[in-house]
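What follows is chain A paired twice: with chain B in the first complex and chain C in the second.
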Partner chain A sequence: MNYDVVVIGTELDGWVAAARLLELGRSVCIAAPGEGSLHYAPGGLHVLGHLQGQPVTEPYAGISALHDHHPYRLAGADRMHAALSWFDNSPLGAGFTYRGGQRCNSLAVTSAGLQLPVLSSCDHQAGVEQVQGNVMTVLNFSGHRDFPSGLLAAEFIRNGERVTAIAVDPPGARTDSVTIANAFDTMDDPGAWFGDLSAVLPGDTDVLLVPAVLGSKRHRDVIAAATRALDCTVLEVPTLPPCLPGIRLRNACERYIHEQAGTLRRGFRVAGMDADQDRVRSVTGSTGQTIDVSAVILATGGVLMGGLEVDSHGKITEPAMGLDACQTQPLSKVGAEQAVDALHRAGIETDEDFRPRHSGSRPWQNLHVTGRNLAHWNPGAEISAEGVAIVSGWLAAEAAHRELGS
Partner chain B sequence: MTTTHLDRDSHEGRGFSVPLMTPAMVRQSMDNCTKCNVCQVHCPVAGVTDAFAGPKYAGPQAERFRIIDAVDETAPMLCSGCGICTSVCPNDVAITDIITLAKADQVDRAGGIGLGQRLLNRPELIGRLGSLAPWLANGVLANSLFRQIAVAVTGVSRDAPLPRFAGQRFRRWLKHLSQREGPQITYFSGCAVDHYDPDVGIAAVSVLNSLGYKVTVPPDACCSLPMLSSGDFETARPRARKMIELLTPSAGAGQTIVGTSTSCTLTLKSKYAAYLGFDDRQASEVAHAVSDICGYLLEHHADTFAKASARVPKRVLYHGPCQLRGHHIGQPALELLRLVPGITIELSQASCCGVAGTYGYDQEKRPIAVDVGRSLIEQIADSRPDLVICDSETCRWNIEQASGVPCLHPIQVLAQAMELTSGKVFQD
Partner chain C sequence: MDKSTAGPRVVVVGGGATGCGVARDLILRGFDVTLVEYGDLGCGTSSRFHGMLQSGARYAVSDTVYAGECMRERRIINKLAPEAVEETGGLFVSLPDDPADYGDKFFAGCQEADIPVRELDPADVMASEPAISRGVHRAFAVPDATVQPWRLLNLVAADIRRRGGRVLLRHRVTSFDMTGGRVRAVEVEGPSGSLRLEADAVVNAAGPWSGEIARLLGQDVALELTKGSILVFAHRLVTRAINRCRMPSSFDIMVPTGTVSLFGTTSEVVDDPSTTLVRPQEVQDLLDAAEPMIPGIRDRRVLRAWAGVRPIVKPDNWPSGRSLPRRHTVIDHGASGAFTICGGSWTTHRMMGEDAGDHVASFFGINRPSESATTPLSPDGGGSAWNPTTNYQGVEDAQTRKRTLCECESIDRDLVSQMVNDEGLKRFHDLRRRLRIGFGPCQGTFCGSRLAGLVAHLDQDFPAQKELEAFWAERLKGATRTAWGHHARQIILSDAVFRENLGIRLDDKAHPAGDDR
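Here is the complex of A and B:
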């Protein structure tokens, strides 16, 4: 069996690339060693939140200040916009809304009380503007350590807001995000559960902020039931990882890939490839299976997810395809903070179609690299993880499709 | 041609031999754990019961203390061995195998396993007894008084989906089969086909025949997986060795050994090494020769199915069994079924039907298994497909009993699509 395209990795860039290629009528196999970093994603589409430590209002306008080889500079504002609009209109982006308009960031509430610039986010996720000036109650589940509700409330109070924090027992006996979400997914009558909650809810509450654990499947129904039962606005705030908003997005991706008859091979770690000059012909997994391909998209998640490896001397390598990794700074020669930045910015350099160099200036013809594997960007400092994933994944898919011809 | 990164072996000119993972390597994989909790998110058992701490805790985390004998726990026994955690771990931690090794240590310390599990661990023995007089055995199993007594004595759940004995129908059919010469392939039928599900074996051999293969079927024997996954390694050891010897002629002759039971084939491929430490040449040869039948057909004969399939106008729901994940081949049956014209396929949204081998047969674990499988059974009840399709036998029996919808192995549908009457098990 061969596929038009093998996407390696279940990072957001991989899901996006696969979804786009399937829509374009290509056969696609996603091969991944395990699950990707969407399990840690707080939800929301972070495109460009900070530049040199300062908040960014208009991400598209901000890209000119980025490194020449930053993924957004490779894409350019127009292609970036095309990719993000596709996401917005696809089933993957279902329920995402632009609070600041299509081109401007708004601020999302995080569990630590920080305000995170985000281009769009789920309509039930708390935004700063939405909650400001309202009487707020922050709910926590007793024993749930991944939601520092005290920190969140203190931060609001510091900003002059009226906030009360309350804690109640979670449904079910366990106190981790996933188990609580399961309990909400399977309880008979969530409305009744929130009805009971109204006994301890301060009567003047306008907005109830809850940790984003109200289910992984039917959270929308649960939130609607809570709103009815409590007669106030109910908004979710993402917890520390594992994060339900990211997991929900991952589930939506997987569902869509299956609906579009894509193939998913878990447990496939690439051990090598066969190439004919500058074209990849097949990839082989660590368990010995070989998949024939016409094109490959390498979405293996950079250093964070093992897509890039760091040895004890701080040298970075790309283990799957043996690509050259670009390192702007040696990791061993800088302090801890710079080391993290250098680690993020290390990666694979590509051309505008996200094809890495093969030899000399010639790129690989049918190999594309996306997301955290790419060099010259830092998702943490820029607050740009989802944006770069979607833009590079979508454009790599477009390039692969063009290259495959009709 | 340039090849990067690989030391290839001559195995059909493709792929390469991978060293098998032994118990030492399994245990060592705990060091890869970054505590990312992804496995916790996906464990179906931890999702329904608070009594099980989940894969990260029962696996790599507890393992650190096990090596200094500092944990006294019941946790690993509640793991169903479904393998889902291992398949989602981004860092190659062999979580399921770590937990199974811990179970075995516990079993060892407790001086063996209970009578019920011991019975469940001998599907071939029960099968042979039942095969002597299937009508009598089926009558006894259907008798609720007998089952109540059996529950009390053995701990096997009264509601467990026990299959019906089919006698030796597959073997009898095989005896009268005349095959043409052709490339040789070995079919490992397993206890399920030999005693309960002969139609699956008949369909498998018929499909292989029609693709031009001459099929060898080794004598009826059990791969010992139920013993391995319940931690009874010592009883399993000599049987596993015998099994390897039984399959060595085929593997040695370079034949592929295909199987219709995803869990048996997984055992032959990797669990003998992971649990019993069998990584010698003979065992490796067998391990590398084994393939899931649908994986093999997809890789080598997808074109035939794409061209030569007859219409199968059915609405089916496909449930890829949890144990298929351990093969790292995705869901090849689904890809093959998609080539069959006329078929409408809905996908199971559940990662596990709950029964996970013999887990759902145990009286104590049965309620957990039912909870794990609930969403699948509800999905079936909602969409009312004509058929449910699943590669694993105990899952099929469980799904069929719980949903009332007939449940078939994908090879039976493929036989139908190839218009092979001997494998035909449902009417248009």
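Here is the complex of A and C:
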């Protein structure tokens, strides 16, 4: 098998890179051991939500405060904006809306009753502005464990909002998010199901908050039907993982890759590679299959997904390509309070085209590293996971395309 | 019900194993008892320990008398509170590095201490414990067991209350009124302000903090504080408590308890009784020491590390370098009516209570012997034996995961609701200690917010969100000390759930009293 580019990993950065390269006319294979981590993503496009523990209003303005080698600093505001605009206009970004304008965060509601700054929200995702001051009802499905509706309601009440919590049996046989979503996807008449709900819905409800499980494919239709049946605004709040908004995005990515005639090989774990001086020529999977390539994008998801490994001495390595991981200090020297931050910030240091700067045995010319594999950023502290994934994935694709020439 | 309001008033300081043992002994002798605990029961060393109800075999050679006491106490505890004890059994294994002649001495010592001991065929032992070294050349079985610390302490506290005693949790002893050189009262500070507890006597059972309490009593107690750190691994890597067959030292036991295995301990002298810091080097030392017993230990799924501080009274003229005696000490502070009890072990806490009780009784000229070994702990005479699979049985029976709040430990929502409604327990750390919520591989990642949702649902005024923050901060503190392998991934996932999904920002100022211990 021979491709222009092999993208290793089904993280958002990998999907974005593959989608962009396919659009640019390249042949692409996505090879990954599993599903990636998008089902952990609660929905919304988080670009830069917090800086030094404080909420950020304008993400682009905030990037100058980041580390010199932060992926956004490598990209620069203009290229960042180009990447995010591409996403917004591509089929991958179809389910997203800018609520605070293209450059300003708005606040999304979390299931803990807290607020998360988000650059663009999923359609029908509950935002602070849409719920504040309205009479709210929080719906939970009896037995659904991954939506702490009690906490959400209590926090809203503490903040002086008018909220009632109700619980009803979910459609479908089981009570986990995915089964409930499937039940909504395959339901004959969602409008009728919500019609029955109106019997227990407080009459003065302006906004019904539901766990974000109203389907993985037909959720827009389901929400529209619910809105008609109940005559109130229906908004989703993300659940604990697995998160349907992330799964919907993954489905959209996969659909687009198929439409663009990309190849997807699941169950492929990179075990080795073949190189010719400073260029990777092929990668080999753990079961022996080899893929010949002209360029590689390493989107293996950092520590979270095994793209980076930590050993019991606190040393971090990159197992697929044997790249050098940058660690400001060994984890064993870091206090417990800084350990999570140190884990996040360790990773591969790259140049502005996301090519590794210190690359183990040699400087690879046709290898790009993206997303959580990158050093000097912290998705938890910055609330920036999707932003960095899109920006690094898109720019890596642009760079690989340029290098491949015509 | 034998109300004991008539007897002299004794305040016991400290709600660890020792204080609970003392308070129960005293109330059974007719004293009017108040137990004062700074945090929750067992928030000090009594939960930061190795989990063993020791047969005493560990001391069979070094201190045969103490070994025999352990065995006797271990039998008594199991009779009084089978629901807090798991009969895991223990093994002493000789590995290539262990002294060849220790086995025989060990066997003889156990027999002398009346500890049932059996030599086993090493081949059988290695077959039944697949995780341990293949180099076992001698092996002995002894009746070591494990104890669920909070379960037992809460049984004792319930018994004290039932008999008319008071147990004040989240109350700190701040000073003593010693007018005229005698204990008059104890000043305590609690959530709703200060209290003055009139008292005729005081027993200082504050574990590593007993030096501080002694100072408040105007006494100087020379304590040696030794910190021991323990590594927690997911799952039970072994079925029995595995000891090295050699003179007791650091780093030589692996204990299966709950859903985890504990390896320990390091041993280093510290100044601060509140220290719970595990240094990175200790973690490395523990891993290196565990490797000969459990080969490949560095690749096992680790969960966290913790440390406890052992308080030992240093006998006068004790030769330096020699390890301090395990046996406890009761110090009678003269005519003041104040006593300090310190040292010993979880296993012998009842006997320690009896000893302190003897001192207090004789101070008041009361000639009533201890009844703590023979009086049942619960009115119904002790429940059925604790079994780590009890929780799972419920899940199996119901054939549903609907109501499960914590998957790692199989904690049902109803169990939590019961605690909240019947016992008024809402603090997450209290619920964690009693139910083991958040003890498993996810370390609170998923169950934390479920717990918050449930408690907030049951009591809308309770600050569940703040509690959730504190819960996560505490879980993270221990978990990040072992950030490698799959556990490093778990930590990042946990961070993603708390920060990127729930929107929580870490605010580590807010540790409610006792949860920092």
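A few remarks follow.
Just so it is clear, the second predicted complex is superposed on the first by the 400 of 406 C-alpha atoms of A that agree within 3 Å, B and C clash if a C-alpha of one lies under 4 Å from a C-alpha of the other, contacts with A are read in each partner's own complex, and residues count from 1 in each chain.
Note that a contact is a pair of C-beta atoms (placed from the backbone, for glycine too) under 8 Å apart; a residue touches a chain by one contact, two chains touch by 3 or more.
Since this is a predicted model, take the numbers as computed values, not measurements.
Steric overlap between chain B and chain C is absent once the structures are superposed on chain A; the two fit side by side. With both structures placed on the common chain, the touch criterion links A:Gly322 to chain B but leaves chain C unconnected.
In the superposed pair of complexes, A:Pro241 makes contact with chain B and with chain C alike.
Looking at the shared chain after the overlay, A:Val293 reaches neither chain B nor chain C. Of the two partner chains, chain B is the only one touched by A:Pro33; chain C is not. In the superposed model, A:Gly306 lies in contact with both chain B and chain C.
When the two structures are aligned on the shared chain, A:Glu337 is found in touch with chain C, with no touch to chain B.
Shared-chain residue A:Gly113: touches chain C; no touch with chain B. After overlaying the two complexes on the shared chain, residue contacts for A:Leu374 are found with neither chain B nor chain C.
Look at A:His46: by the touch rule set out above, it reaches chain C but stays clear of chain B. Seen from the Cα centre of chain A, chain B and chain C lie 90° apart once the structures are superposed, a value rounded to the nearest 10.
With chain A fitted onto itself, chain B and chain C come no nearer than 7 Å, counting C-alpha atoms only. Put simply, chain A uses residues 40, 241, 305-306 to touch chain B in one complex and chain C in the other. Partner chain C is touched in their complex by these residues of chain A: 40-42, 46, 50, 53, 110-116, 143, 145-155, 157, 165, 175, 238, 240-241, 243, 302-306, 309-314, 331-334, 336-337, 339-340, 343-344, 379-381, 383, 385. Note for the complex: chain C touches chain A at residues 280-281, 283-284, 287, 298, 302, 400-405, 446, 449-450, 452-458, 460, 462, 464-465, 468, 476-478, 480-481, 483-485, 488-489, 491-493, 495-505, 508. Interface of chain A with chain B (complex): residues 1, 29, 31, 33-37, 39-40, 172-174, 176, 178-179, 182, 186, 241-242, 247, 255, 258, 261, 263-269, 271-277, 281, 284-290, 301, 305-306, 321-322. Contact residues of chain B toward chain A in the complex are 1-6, 11, 14-18, 36-38, 40-42, 46-48, 50, 86-92, 288, 298-299, 302, 325-331, 334-335, 338, 347, 349, 374.
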